[in-house]
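You will see subunit A twice below: alongside subunit B first, and alongside subunit C after that.
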Partner chain A sequence: MKLLKGLFEDAPLATRREITPKLGLALTVLLAIVWLIPFLWMVVATLRPASDGINTMAELIPSAKPTLDNIRDAWEIGDFPRYFLNTTFICTGILLVQFVTITLAGFAFARLAFSGKTLIFYLFLMQLMLVPVLLIVPNLRLVAQLGLYDTLTGVMMPFFASAFGTFLMRQAFEAIPTELEDAALIDGAGLLQRIRHIYVPLSLPSFSAFAIISVTSHWNDFLWPLMVINSPDKRPLTVGLSVFTATAEGTQAWGTIAAGTLMVIAPLLITFLIFQKRFISSFVTSGIK
Partner chain B sequence: MLFSRRLMLGLAMAGALAFPALAEGPTEIDLFFPVPVDGKLARDMGTLIKEFNETHSDIKATAVYTGSYDDTLIKTRAAIKAGKPPAAVIMSANFLLDMQIENELTNLDSLIAADGVTKEQFLGQFFPALQGNAVINRSVYGVPFHNSTPLLYINADQAKEAGLDPNKPPQTWAELTDWAKKLTKREGDKVTRWGIAIPCAYDYCGWMMESLTMSNGGRYYNEEFGGEVYYDTPSMLGALTWWNDLVAKHKVHAPGATPGPAVSTSFISGNAAMMMLSTGSLTYVRDNAKFAYKVAFIPRNVRNAVPIGGASLIIPAGLEADKQKAAWRLIKWMTSPEKSAWWSRATGYFAPNMAAYKTPDMIDFLNKNPDAKTAVEQLDVAKPWFATYKTVPVRKTLEDEVMLVLNGKKQPKEALAAAQKAADELLKPYNAETSLKLP
Partner chain C sequence: MSLAEPAALPVATSAPPRLHALRRFAAGLKASLPAYLLLLPSLVFLALFTYGAMGRVFVDALYQRTTPKAPVRFVGFDNISAVLADASFTGAVVNNLLYAVGTAIPSIALALLFALALSRTNAVTSALRAALFLPVLIPMVAASALFLFIFLPNVGLLDYYIGHLLPVLPNWLGDPDIALYAIMIITIWKNAGYYMLFFLAGLQAVPEEVMEAAHLDGAGPFMRLRHIILPELRPTFLFVTVIATLNAVTQVDHVFVMTKGGPSNATNLVLFYIYQQAVEHYDIGKASAATLLTLAALMALTALSFRTLANREGGP
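Let's turn to the complex of A and B:
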């Protein structure tokens, strides 16, 4: 209601009578509902007892006798706390190394002068065009040769450098006035000091935008961890979850799947709700819309 | 002195050499397994392997979950190429030929011979219908582990209500069409209950097409040679046209390509009165159906015939000898009558080992659940499952086209011609190396 009030009464005089913002709002609400329906279904299905029968499975109306059985089943089938830990470890590990590599590489492409810079940069960008599936066998062979088969480090390894991240940081660093760097140079700051004290603090929105993209994509990655990991105790969430979503012969326990999915997305969802404002503003200021 | 000093020294040396081998502990092996039905079976697989480890102290096997049948093939291949082959894999039975062509499989003949049995004796334990996908060029490459055939599931309550006798299920396509018409319920133009549901999603779609084509007197591929598929043939055209007629002409089958889980869900919920699905879904149906149901053979147009499905145990190529031996012991244990009977009861797949049906637990079980017999009986008319060079892409060329037909975007004739063309293209390199390589 506050939203409506803001639109109709507190809006600037010039836009108060306009139709466009109202249409925009209506569209947003509509999109939000469309987005919310599968989510609601998942919550409802999670709490629905199996005794309600499969007929009611598609309904959005919650069961009269909600149960936690599905959550218990899903919890027992998979070692979820460990999967959480593994996924978190993979995502943060990748991100921390990426921060170092994309900062240095982005800086090199933005500010350093070296021969063949443009060519190398384009070669770098070409990596974005490759479908990751193509690289599975060569990457796996390399990971095995390094003795990292069936290790979490092996899962993280191919993503330590990021073409997208380098590109993003290059754009961010180029937008920073060189005068700032010159001033630091006069004060006697070395190369790394300049990066640390001038470029990094001024590019924080780009870093957080990249962090979101990196974490969500690796959180959701399935095929690569499936290839590298053998030991059940090293599975990330996606592989653990697929134990009960993938079927070969055409049957599915929807309640358990819903419960498992809910458990998998919960941490990301909660993080998003807590840092909502931050997330959105980082995308706005870094220019990704 | 009875023992010379030299002999003593020699013994000590021999002891020192032999000892580290013993001190190394059990041979560690990995078994890759896809999930055939649902998550509970992942737990059952854990139970099975735990029991194996407890009864075999010198081997430590780990069950590694590897996704769908297609994912399992990708993971196994990647692991072999990376030099880290698993010791054993539960592999979709129709991938064996392709893997053998690529030299990715261990020939099991010498392991069988080392046990002092002949190939015939070894294979004689299993239903004859399963051997086509396990034996390549007269060598054994796989051991059948859990297998299936497609079945016709009928909602008996709805059949009675429509004036049909569920104890006399439809035996021909004409009867099936007739049943489906009588079982479909409409309110105006809207269908409230479909007469029949047949799944069409990757993997399933090709299997159903093979089943229908075989019931129509045809073949899907050359069973003797990996370079030929028979998509653009009258028998397959008839099969696809009949399937499409159920959708477009009689309107008793929901339009579009329906994945397996959606088919079983609509059958269980009463929204589809009949379905064609694997016997691997039987346990699920038994546990969830709130009505009387019947299972029957897939009806024929020309003859009764179905492909087998399911998976075999294989040993990838390039494994160390001790791991190979440990894997072989695991495979023999898993396919023994007791274990394969236990797994069959848990999943609904039938046990490939014929002796499994003579174990007391199984006799008991079949008395209580006579529906579990149908798939076994249907084995008499079962034939091998589609297998060529590059099985998965070749299968997908047909599946993509069948999906277009069921979605009303293409006619059967042109779809099959397109599928044949695409498949021939994929098979070209193999044919160039084999059937077209002339002296």
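Let's turn to the complex of A and C:
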């Protein structure tokens, strides 16, 4: 599995020489512009006054008299601060529990010998292949039986363990020289102390890569929270946006839809633009998620 | 004293070997205890939501559960045959296969083009990579909201700018012959930048000396692409194909927001069918049967491709 191993390394993602002729680059530049058009339209439409009428709605050139009315309307129709809070709560909750579970399990796989190691390793590996999204029906029944239907805990719970995160931490912990641990062992540090004071601080880049992947994917989750959540005040951003879009679509309020979409995607996009390099190398790492 | 020791030795060796093994096993378990305790939190959640869910989906598929209060009835494989006989399920499978091929091939081809063109790092290529990667980060629901307007008949972006070049203005999401292709466009837009990253990573494995030598031998860019780069990227292709296939089955948020599986089931995909059976018709038996069939197909596919991948890398 040379490929998978390669993906786990922090790759700068560049070869030294140019590979395609100029024609390929020209085509790519053109396509990159096309790729940005939906975003461009979103911004332009958000700032376009409704008085411009539906016929100019598709114009990519900004209106001469930009307005913030659409943002105000979207803010009033949808409960965006609430959705934002719910999503933040879900992502943070999942991530905090995951940090504990993946650290402990990753350490066990990296540094301890135990009976049945291979078998348990394969059990973890299975989760990567099982595509959790498909297990929504049994998991919804379980969440209901646990009395967690229509709760944010119910939304979070299936993701508390992460095989991908465990493998990532195992990889990081294996790279730490055992001499460091031996020194702590002589000083009488217990297992959890060694994990906390040696392994965790030296693996912060892996934790941050995992955090990026975990938060991005759960920030964007739609189907599972849609099934678990019933109360409007517990909706995450994605579910809130879908309800908002369905309402505004009926009234042809495209400027408002654009404004709502902009509010939903802005936080993650801004974070990406600041930490671009980090994001990209984390996504390469996530290949086997 | 000195006599007791040699006497003790035969006693130990004469103990039944099975007991010996058992003792060793017990000692092994005891030594393994710390590891088990560390793995326990993860295993509890995996057991509940992954392995347990697998088991429950299998059991649920054997029972009829139609309303929350109705008595549960064992029906054996009736749910499975009912799903297989359901035209909207088989239709969803066909749609999903078409959708998988129609999204995987263009997005992988584009990803390769992007990676080749942007292989060198400088300010321009970094900006272009970011532009192509942006759609990966936004929720499918948000992408769908934007594309609802792009596909809007007459006034939408697509019709406004290029619709006039076509003989008739198509109803992108309303025409059963076109709607599935329209939602494919969103998926390609969203995923190509993601797959690009894997090709960029794969390109780094191409040995510099080989490229240099080919260059000196007078091999043009297309010769080098065909005979050096593409063969080197073979594992990446396989890997990205697996991910693209899984994505084709698991990304259905756009169907929810844009078409609800319509018009006349033209954009119904397997996961949306499962959702409909479970949430709209409250038929857990049928939803579970459909889940089971899909899981079996996907697992077989993934196992097969990973074995091929492992063989290729292990072999000559």
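To be clear about the criterion, the second predicted complex is superposed on the first by the 219 of 289 C-alpha atoms of A that agree within 3 Å, B and C clash if a C-alpha of one lies under 4 Å from a C-alpha of the other, contacts with A are read in each partner's own complex, and residues count from 1 in each chain.
In this section, a residue touches a chain if its C-beta (ideal position, glycine included) is under 8 Å from a C-beta of that chain, and two chains touch if they have at least 3 such contacts.
Since we're looking at a predicted model, the values are computed, not measured.
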Please work out whether A:I270 is in contact with subunit B alone, subunit C alone, both, or neither, and reply first, second, both or neither.
neither
Once chain A of both complexes is superposed, is A:L96 in touch with subunit B (first), subunit C (second), both, or neither?
neither
After superposition on the shared chain, which partner residues are touched by A:Y149: those of subunit B (first), subunit C (second), both, or neither?
first
Scan A:L134 for contacts with subunit B and subunit C and give back first, second, both or neither.
second
A:A253 in the overlay: touching subunit B, subunit C, both, or neither? Say first, second, both or neither.
first
Report for A:A108: first if it touches subunit B alone, second if subunit C alone, otherwise both or neither.
second
Tell me the contact category for A:T261 with respect to subunit B and subunit C: first, second, both or neither.
second
With the two structures laid over each other on chain A, which partner does A:S242 touch: subunit B (first), subunit C (second), both, or neither?
both
Could you figure out whether subunit B or subunit C reaches more residues of subunit A?
C
Partner chain(s) touched by A:P232 [first = subunit B, second = subunit C, both, neither]
first
Footprint overlap on subunit A, comparing subunit B with subunit C
54-55, 57, 136-137, 140-141, 223, 226-227, 239, 242, 246, 249, 254, 260
With touch defined as at the start, can you tell me which subunit A residues reach subunit C in the complex?
1-3, 6-7, 11-21, 24-25, 27-29, 31-33, 35-39, 41-42, 45, 54-55, 57-59, 100-102, 104-105, 107-108, 112-117, 120, 123-124, 126-127, 129-142, 157-158, 160-163, 166, 191, 216, 219-220, 222-223, 226-227, 237-239, 241-242, 245-246, 249, 254, 257-258, 260-261, 264-265, 268-269, 272-273, 276, 279-280, 283-284, 287
For the complex, give me every residue of subunit C touching subunit A.
25, 28-29, 31-32, 34-36, 38-39, 41-46, 48-54, 56-57, 60, 110, 113-114, 116-121, 126, 128-150, 152, 155-157, 159-161, 189, 193-194, 197-198, 200-206, 208, 211, 221, 224-225, 229, 235-236, 239, 243, 246, 249-250, 252-253, 256-257, 271, 274-275, 278-279, 284, 287-288, 291, 294-295, 298-299, 302-303, 309-310, 313
Which positions of subunit A touch subunit B when the two form their complex?
53-55, 57, 73-74, 76-78, 136-137, 140-141, 143-145, 149-150, 223, 226-227, 230-232, 235, 239, 242-244, 246-254, 256, 260
Where on subunit B is subunit A touching in the complex?
30, 34-40, 42-43, 62-69, 71, 74-75, 77-79, 81-84, 86, 148, 199, 203-204, 259-261, 263-265, 268-270, 277-278, 280-281, 284-285, 288, 290, 309
